[in-house]
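In what follows, a structure is listed as structure tokens, so that the remarks can point back to it.
Naming follows writing order (A, B, C, D and E), and every chain is counted from residue 1.
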């Protein structure tokens, strides 16, 4: 009984911290204390967190190497823009539509390809991602390669913040449940998992679809902040960027993914001045981190479980 | 000829070999028997330099092997017939034998040894062009032995050569081992089939969960009640 | 009706018969051993029963229902659980999570209640936790619940694997060389444990083992497999004296003992 | 019909280049199971070395090609030693990220040093002639690309099948531990594999320079990706698979461009890849090896 | 265990430290009020230096930097030196936005770039919001300076290049009238909105004038092999082939077309303008090809000659049209600052909107109501390896 009340207290505390953090930034924003550059960085950060955490569900927890995440992001972005800008429906409809469409695409891609293993899966998902891009390039309704310009800016800090929190919460909740354990067991040993009565195909697809939906969410937020979307933005190099965040953070660590997403976002900002040299620095960072810490910043551990155990439902 | 002194091997947190010591005299057959997972293969891998013991020493004719590259160890005259044969499945019988002589460059000598292997295993000669993966289990075992002999080893390490073979073949393989030994090659034999192993060996060691628990002449061990009970199914 | 009846099971790899016309029955509550030289096809039989391989021919009847060719997870859900020759735990997960995964097929809260943390979820997790701890304490692993599985010593890994298999609540438990790598003392304890498990959980056990003392000590009936075929079947004593078996497997020495 | 034959000729020369790049991919994959995403960029470096050899040193095309091959062989060996070797026992995904890092590094270090704009191979390095055979136009550079690609493949096949080093490479890729027991130095063999694979990529780079005349720091990305698809198509790790995969990709793209909508070229290539993987999960020539339980 | 955790922590902290250092230097630049007393006039150069169109971006950057140096050497503007802040937008629209925001934080008075219409669009909202002018060197899509929905001119966005309709229409008229083409094939870069725009207006005008489009094909940026599609086009036997795109693809395309025996005249837009055209395609293959442009780099106009010489001296290469446009962006900005007699962005914007008869290396231009330059167009013909002006069209 006592333990229960303690964990409730903790839960409450964490909710307060989260709301406080939100309010603080919201205040700083409305008071004009954050310059535009950092506003954009904040936006990229939230979007990157959503992307990294959702890709980590597929690559890190389920152990299925996917290189097509940018494709799902593209679908979320395009579908939501069609809903909000072409059909003049409210933003929430765009969000739901974008996520749903990305989820469906995830299902369509996942069901056939998740039978493949390792590198073959990686290349098949990469191929699907590229196909999505090429198809978008050839649809005149969405202006082909030129993309859609002048998208209404609907993504605001509350949307970004709570979308990122929502993503983290859902994925952490999922992972700290029997479903999550089933998903991780696939990564650990697919055959043994199957022999424990787990329909591995089903859970692989489940993880893939959930991951795709959140990639779609990231796409929606992206499209309604950055004013323009083009198929070229969502090419395989974008998927690589996401993979880099996940691996840098540590495969199978949600906190790792978050830290890496934040880190990479700031690194990109900090390196802006260095022109082409920035990419050299970025590349060297990757190589050096991998040589000295191939398991990523966090390995597959979470940062300080106890601190977050209430809201993140840590395993006791 | 080979002296292993107090080596320890870890796989992560698992202590696979604990303070293991073992000696092989020149010209003899020494067998190491024990259950699956007891550490027999780990011992052989440590000798060949595939695994690195964290402490101890392995001396071969007075030379320390502990930090030596595996290919140097082969060059010194230690070959291994690995567990599960591990022939190069998609290479031909001939190529497999050539790989055995990888470090040698005396074409004539290699040719001679090739003929020797073929005369010992006529079946291999018939199938010299066939890829190794298509051979039967027994033939693959012969190929693995032949391949190891191509290096002209002074010390031959054999890891479960009887594994998965028909009883008749097992007898044949053990005869071959005896024969190889009689021509001057020292042998360290790891076996689960304790009966057969003890019957041809001079010296024997019993390993359990990474430790040597018994040692002595093969004859002594064969009479030992403990061994009988645990390994001979008595 | 027998618990499991296998009729004319056949499986070949690349034209080579690995299991040839295998026939087999096990009654409810029986403890049966399957022995034979390495490569005789014992593990292949296990893989066929548990659905890892699809049989080419033949039937596998579990309580009269043919399960041949079903996917492994369905077969597990129907009540067959197994361990592996070379332990296959979920290495990076904690001891208790390994066991909890086995309860997944009986999980009674929905995905929805998981995601938004409804009371059903907490209740379900609590039940799983309690049950998992029960199994761990049976196998004396309760004090290591949060240890990472791969950090356990060998013997404990073996025990954990059996605990995990039992947690799927099978009617038939299949053990692939459970005593491999154990010393005689541990093997002896394992023997007792296996017997006890059978009584306690009211199940049938089928095991592959090399350690003759274990097989002869616990099994009620023994099948001997060689080159994919059953060459003998009977009580331990009969097997011990069967001429074919001595030739193919036990060897002269053992036969004499 | 004539047009079809002309398309075939176009497809074969394109396919030859893909095949040459795919070979390096496949060799490296075969031996250390690594998708070396930097492979396309090695090709780019090769093209630049060839370019400077011709423009600065005034060598002819054959010497330029040799220079590029030697340079890239060394580059490949260094890359393996510095970046991949420390990761040999790490997860493959860590190595994959390193490969992506190396790829970006090669691209942008070239941009920083030489600028992002394209360089033009001097036309004098390889004066183009067109032959008209029965209404078909065949260029000497098409013949050059095709013949040198096939020649290099034959040499490679000879090395792998006949020489001791080649056999050692196969042995290491089949069973690294058993190879060690034969006294084969795994490190050395892997280095040689990188050297040969990178040299082939460099040759492809110079050929692209000759064939299309322009080179730029990012030229390796797309052919690299296509060649990788080709390697997977044929069954990654298999030399004949890479050759066939390369030619299939070349012909396929040409046919889509010639008879379909050229904008869907990449989609069709990737689509075919997915279909083949779904039917034969290990590629056209790959063997399906079940997991041991 | 403890030491391992410490190591992890230490590593994490180290990373954070690096991060904060970077973040710190990112935030410090330019604390002064916009338009306040500064020693230099900061000009943002937000161009593509990495990614797909890095070569265009860096050429434009080279042109702009040259212009800044020349102006500073001549004493600067309003007695102050120009300071070019070069930033890379990675050829991505969102990065262009982020870079603009960072530049705004450094109190720039105007921004040059990015190059492509899409990346300019990414930058646009920031510039509009902060009321700082953006001068695009090469963004040709009509909606760059005009909001399509409302028809309103975007107040702070300017450009020095043609817009798509002008060039497409011009070439269509030229093909139909001067070359007497009845049929035409279009084979353009479909990954570029610029080329797609040109193709669309060419098609419209050409069919209006009674011509027929017999084939419409596309390639994408980075393609180097056009044989398959060219073989197909050859089969349709057009009188004229329109190839809107950039020289990197067009040059090998023309070469391959000639190698395949296609002799029809080929035409394109200002994206063709680069010395690489001749070195790649060769003089012979380029005979009978035409493109619309602002000027000819082989023009004898002293302004052009000086520019080409200075550029060659500094960079040891020939300038292409991007370099020339980048150069003109800076020159245009300087003229606006001078006319406004102020470095206040709003005043510069007003001056930009009223510029008349600015003499740039890409021609004489007047900024119209939609912030597009009204400038002369020329049709340039390649003849035996040199550009000759075939027709001059004053708007």
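Just so it is clear, a contact is a pair of C-beta atoms (placed from the backbone, for glycine too) under 8 Å apart; a residue touches a chain by one contact, two chains touch by 3 or more.
Keep in mind the model is a prediction, meaning the values are calculated, not measured.
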Checklist entry - Listed by label, which chains are in contact with chain D and with chain E? => result A
Checklist entry - By CA centroid distance, what chain is farthest from chain C? => result E
Checklist entry - Relative to chain B, which chain has the most distant C-alpha mean position? => result E
Checklist outcome for this item: Between chain A and chain E, the Cα-mean centres are separated in Å by 34
Checklist entry - If you average the Cα atoms of chain A and of chain D to get two centres, how far apart are those centres in Å? => result 33
Next on the checklist: Based only on mean CA positions, could you tell me how far chain C sits from chain D in angstrom?
Outcome noted: 48
Next on the checklist: How many angstrom lie between the centres of chain B and chain E, each centre taken as the mean Cα position?
Outcome noted: 72
Next on the checklist: Please output the residue numbers of chain D that touch at least 2 other chains, ranges allowed.
Outcome noted: 108, 111, 116, 263, 293
Checklist entry - Of all residues in chain B, which are in touch with two or more distinct other chains? => result none
Next on the checklist: Give me the residue numbers in chain E that touch at least two other chains, ranges are fine.
Outcome noted: 49-50, 52, 54, 58, 190, 220
Checklist outcome for this item: In the complex, the residues of chain D that touch chain E are 3, 6-7, 10-11, 14, 108, 111, 115-118, 120, 122-123, 128, 130, 137, 139, 208, 211-214, 216-219, 221-222, 253-259, 262-263
Item to check | Partner chain B, residues of chain C touching it in the complex | outcome: 37-40, 150-151, 153-154, 177, 179-184, 210-213, 216, 226-227, 247-254, 257
Item to check | Of chain D, residues touching chain A in the complex | outcome: 29, 33, 35, 83, 86-87, 90-98, 100-105, 107-109, 111-112, 116, 225, 228-229, 232, 236, 261, 263-264, 266-267, 270-271, 273-274, 277-278, 281-282, 291, 293
Checklist entry - For the complex, which residues does chain C have touching chain A? => result 50-52, 71-73, 76-77, 81-82, 84, 88-94, 97, 100-105, 107, 109, 111, 114-117, 121, 124-125, 128, 164, 168
Next on the checklist: Give the list of chain A residues in touch with chain E in this complex.
Outcome noted: 35-41, 44, 137, 143-147, 149-150, 153, 222, 226-230, 232-233, 259, 263, 266-276, 278-279, 293, 297-298
